[in-house]
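Next come two complexes built around subunit A: one with subunit B, the other with subunit C.
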Partner chain A sequence: MNEFLSLFSYDFMINALLAVLLIGPLFALLGTMIVMKKMAFFSDALGHSAFTGVAVGVILGITSTEISMIGFAVIFALILNHIKKRNPDNVDTIISVFASVATALGLCVLSFGGNFSEYSSLLVGDILSISKKEILYLLIIFIATIVFICFAINWLNAISINATVARSHNIKVQLIEDIFAVIIAITVMLSIRWVGLLLVNALLILPAASSRNISENMREYVGYSVVFSLFSGLLGLFVSYFINIATGPVIVIVAAIIYFATYIYGGRS
Partner chain B sequence: MNKTKKNIFLITLLILLSVIGIIIISIGVSMSKKNDAADHGTLTVVTSFYPMYIAALNITERADINLSNLSEPQTGCLHDYQLTTEDMKLLSEADVFIINGGGMEEFLDGVISDYPNLKIVDASQGIDKVEDNAHMWMSIADYMKQVNNIANGLSAIDNANADIYRDNAAVYNSKLEELKGMIPDTYRGSKVVLFSEAYEYLARDLSMEVETVLDLDEEKNISAKEVAETVDVIKQRNIPLIISEKQYGEKMAEIVKNDTGVKVVYLDTIIRGNYDKDSYINAMRSNIELLREAASWK
Partner chain C sequence: MEVVKRINRTIACGLCCIKVKNLGVHFGSETVLQDINLHIHCGTITEIIGKNGAGKSTFVKALLGEVKHTGDIEYRNIEGGDKKNLRIGYVPQNLNIDKSTPMSVYDLFASFCFKVPVLIKSKKIYAKVKDALEEFEAEDLIDRPIGTLSGGQLQRVLISMAVMDKPKLLILDEPVSGIDSSGMKVFYDKMKYLKENYDMAILIVSHDLEYVYKYADNVMLLDNTVVAYGSPRDVYATKAFDDIFGVFTLDDSSKGADSHMTDMDLHKRTSDTKEEPFDASYKGGKA
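Take a look at the complex of A and B:
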């Protein structure tokens, strides 16, 4: 037990713990909406746009690439959203094209001079190096998300069931979808450095998908998703700390186990 | 779906996972305990990577301190290195952190500022840098300066052991001086192509004229154009020698060798190796021997 408590004597562990406590519910909430609106591929594509975001920052000579990452991701999300709307029949193709272009553009710039390895930390992420300031950013976006979801959860729900009917009820479909896309964009960009581009989408989708397997109403859906997300985040953090492996993958593995367990349980009954 | 049944299922699932987690954690803890057994003494010194560790190992000999090195990167160079939890623990317990400096530890910039009480000893202070290149330890002369910098830095922080540090540094530097004397003179003024910027410092010790530096050090993708340019440079300027690193440079070096008949020497960049206190000297000696051999084919 003493060994277990010893981990709280390190500032970096407390920071990581705070980050998990924030990222967990934030991802769970956004994830439920993403899964409900069948946007899993969209958020994945957003993650890939981080390459170009960093590249833009490098070209413009911005020292903190976060700004360029977020800026680019927001623009990327909005453009994608609008083009998607015009071609509702082949959304997955459009997203795939966008994701590929963003990845390729980013890789072109970042690999110039053969220095790509400098940016490889983007791929895997490192939650242990998160600082207090960055936790504050996460807190701000977390509060913004909660406010947005409190206001818009029913609208989002209505839109995802039938956008035309929603529009006829005077719901500002385009505006709400745009705000939602921007929030996803900012959240993904703020979290990429901690969970890694390769796994950020898994953390968004898995808790919500697990919850969807077994929940019967909206309240259960959101509630279970938060529980799963927090649980896998905390367990993943502790396990990775004590056996000295990267945190992100352990969290994803725990979340995946929960997914399969709920999948089997949900299918059985 | 039955609600209570579902909740029982969920609670069982989460408890089961926690138990598995706790089992894994306790295995991890019991294993790491064995490693911590030797942890005593007053000052805790951490070095950023291999050559700094070997230097510090020699300088702190017989002094009652804890010395450890951050875990070694598995990849070619430090630039893309990520800290493990073990490293973060080391740093948060450390009193002194010895770095190579010159930009080599860029990956730590964000981390160090989290530990305001950590005293940093920058080994590259006052060393004449080759552009942005921070591989100073590859020049024996500069490495000796680094040894002095580390000894002075440690003495200023840990007064009680200052004499030990200075004496040890003097002993180590006399060994290095002897090693420096072994550097062959046959390469003076001769042209060379380097397949890692690490060798620029070695080339300076050898008084060679560096024509081109290709940094194959990191997992870099070499374009066909770069290969062609290198071949052209070697042919046009009649360059007799390439110094390359085995792990990353071999493929490229063999291609160029087949095309031009240039000689290739594979040398150690001494960024990893065994943790013996003479390992820098041994590695550098074998580098020098390889260079002498290469010169004898002339």
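Take a look at the complex of A and C:
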């Protein structure tokens, strides 16, 4: 027990713990709606645009890469949303094209002069290096997300079922989809340095996907998703501390185990 | 009739009218619809029939504002009226709902029709939803996940949801596909009930010529433009109708009564519309 408590004697562990307590429910809430709206590929593509965001910052000489990453991701998300709307039958192809272009452009710029290793930490992330100020940013987007979800969860649900029927009920489909895309973009960009570009989408999708295996209504769906996300975040953090491996992947492995367990328990194919 | 009392009825008149004037839809250089003129009055059932690719669904999308169109759609009621006041209830042809969708029928209603976040289960909303479902004998389905409903059950749920908002115009796009013959009679009786008691203008895209004949007040035969319009009797007697569907045996006394189609006619009809499964998946309880 003493050994367990000893991990809180380090400031970086307390910060990481706070970050997990914020990222868990935040990702769970967004993830439920992302899975509902079949946007898993969309959020993945957004993650890939992080490289280009950093690259844009380097080119423009912006010192805070966060600003250029968020700025680029928001524009990227909105453009993607509007192209999706025009070509509803080809969404996955279009997203794939955009994601590849964004990744390639970013890699080109960042590898110029052989400096890519400076940025490779983006790929894996490191939650132990998060600072209080960065936790504050997460808290702000967390509160914004909760407010948005409270207002918009009904509309997002309705749109996910059928956009035409939603419009016939006077729901402003395009506006809601745009705000939602912007919130996903900001959240992904604010968390990518802590959880890593390669795993950010897994953390968004897995808790919601697990919850979907066993839920019969929206309250169960969101509730289980938050519980699974927090549980895998906390367990992943502690396990990674004690066996000394990167935190992000351990969290994803715990979340994946929950997914397979619920898949079997739910008995759905 | 209890439900009728609850509804804030507009003045029952036949004066409310949705006027479609010179409507046309073009996709690039392709003309899908042109010169569509139609008046849809409250308290009537208008059916749209036509072969596949005639533009029936596109016409519905134009009415809903989903596709760009030329021409005008106006709404007039006894107070003057404005298109902004035209509430349209819409029941789509099909919904692709994943079996594992974590949404109950209550959640579906709450999402589309109410502002209280679906995460809070409100007793008041629950009671209202149950009332709306009762209209279509679907109240037992309220807690069922929507992915587990049969075609007929889902359809009754969707219609109750569309009707709940008290629309002036109710549009149903091929609502009877996936429903067997007894289910169809229940469906059309309900439409008749809605038209008579709610004074709704009802527009149905349909393939089932027998039921259209029995229940429609007006029929629009569409083939990129209106090729015939009027009472079912008149439209079914036109040459355009024969060209599209083949000869349909008519009898003056058949409206609202039994069908007088011969087996051969029925055969012809089903072969014309063979991709519509009339009896595929309907397992509806009370219906």
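To be clear about the criterion, the second predicted complex is superposed on the first by the 267 of 269 C-alpha atoms of A that agree within 3 Å, B and C clash if a C-alpha of one lies under 4 Å from a C-alpha of the other, contacts with A are read in each partner's own complex, and residues count from 1 in each chain.
The rule is simple: a contact is a pair of C-beta atoms (placed from the backbone, for glycine too) under 8 Å apart; a residue touches a chain by one contact, two chains touch by 3 or more.
These figures come from a predicted structure and were not determined experimentally.
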Partner chain in contact with A:174 - subunit B first, subunit C second, else both or neither: neither
If touched residues of subunit A are counted for subunit B and for subunit C, the larger one: B
Contacts of A:96 with subunit B and subunit C, given as first, second, both or neither: neither
First (subunit B), second (subunit C), both or neither touched by A:239: first
Contacts of A:164 with subunit B and subunit C, given as first, second, both or neither: second
First (subunit B), second (subunit C), both or neither touched by A:216: both
First (subunit B), second (subunit C), both or neither touched by A:150: second
Residues on subunit A lying within both footprints (that of subunit B and that of subunit C): 216, 266
Subunit C residues touching subunit A - in the complex, by the definition given at the top: 61, 64-66, 88-92, 95, 97, 99-104, 106-108, 110-119, 121, 143, 145, 158, 162, 165
Complex contact set, residues of subunit B against subunit A: 1-2, 5-6, 9-10, 13-14, 17-18, 21, 24-25, 27-29, 32-33, 75-77, 79-80, 82-86, 88-89, 92, 110-111, 113-114, 215, 218-222
Complex interface listing, subunit A residues touching subunit B: 3-4, 10-13, 111, 114-118, 120-121, 124, 126, 128-129, 131, 214, 216, 224, 227, 231, 235, 238-244, 246, 254, 257-258, 261-262, 265-266, 269
Complex interface listing, subunit A residues touching subunit C: 36, 149-151, 153-155, 157-158, 161-162, 164-169, 171, 211-213, 215-222, 266, 268
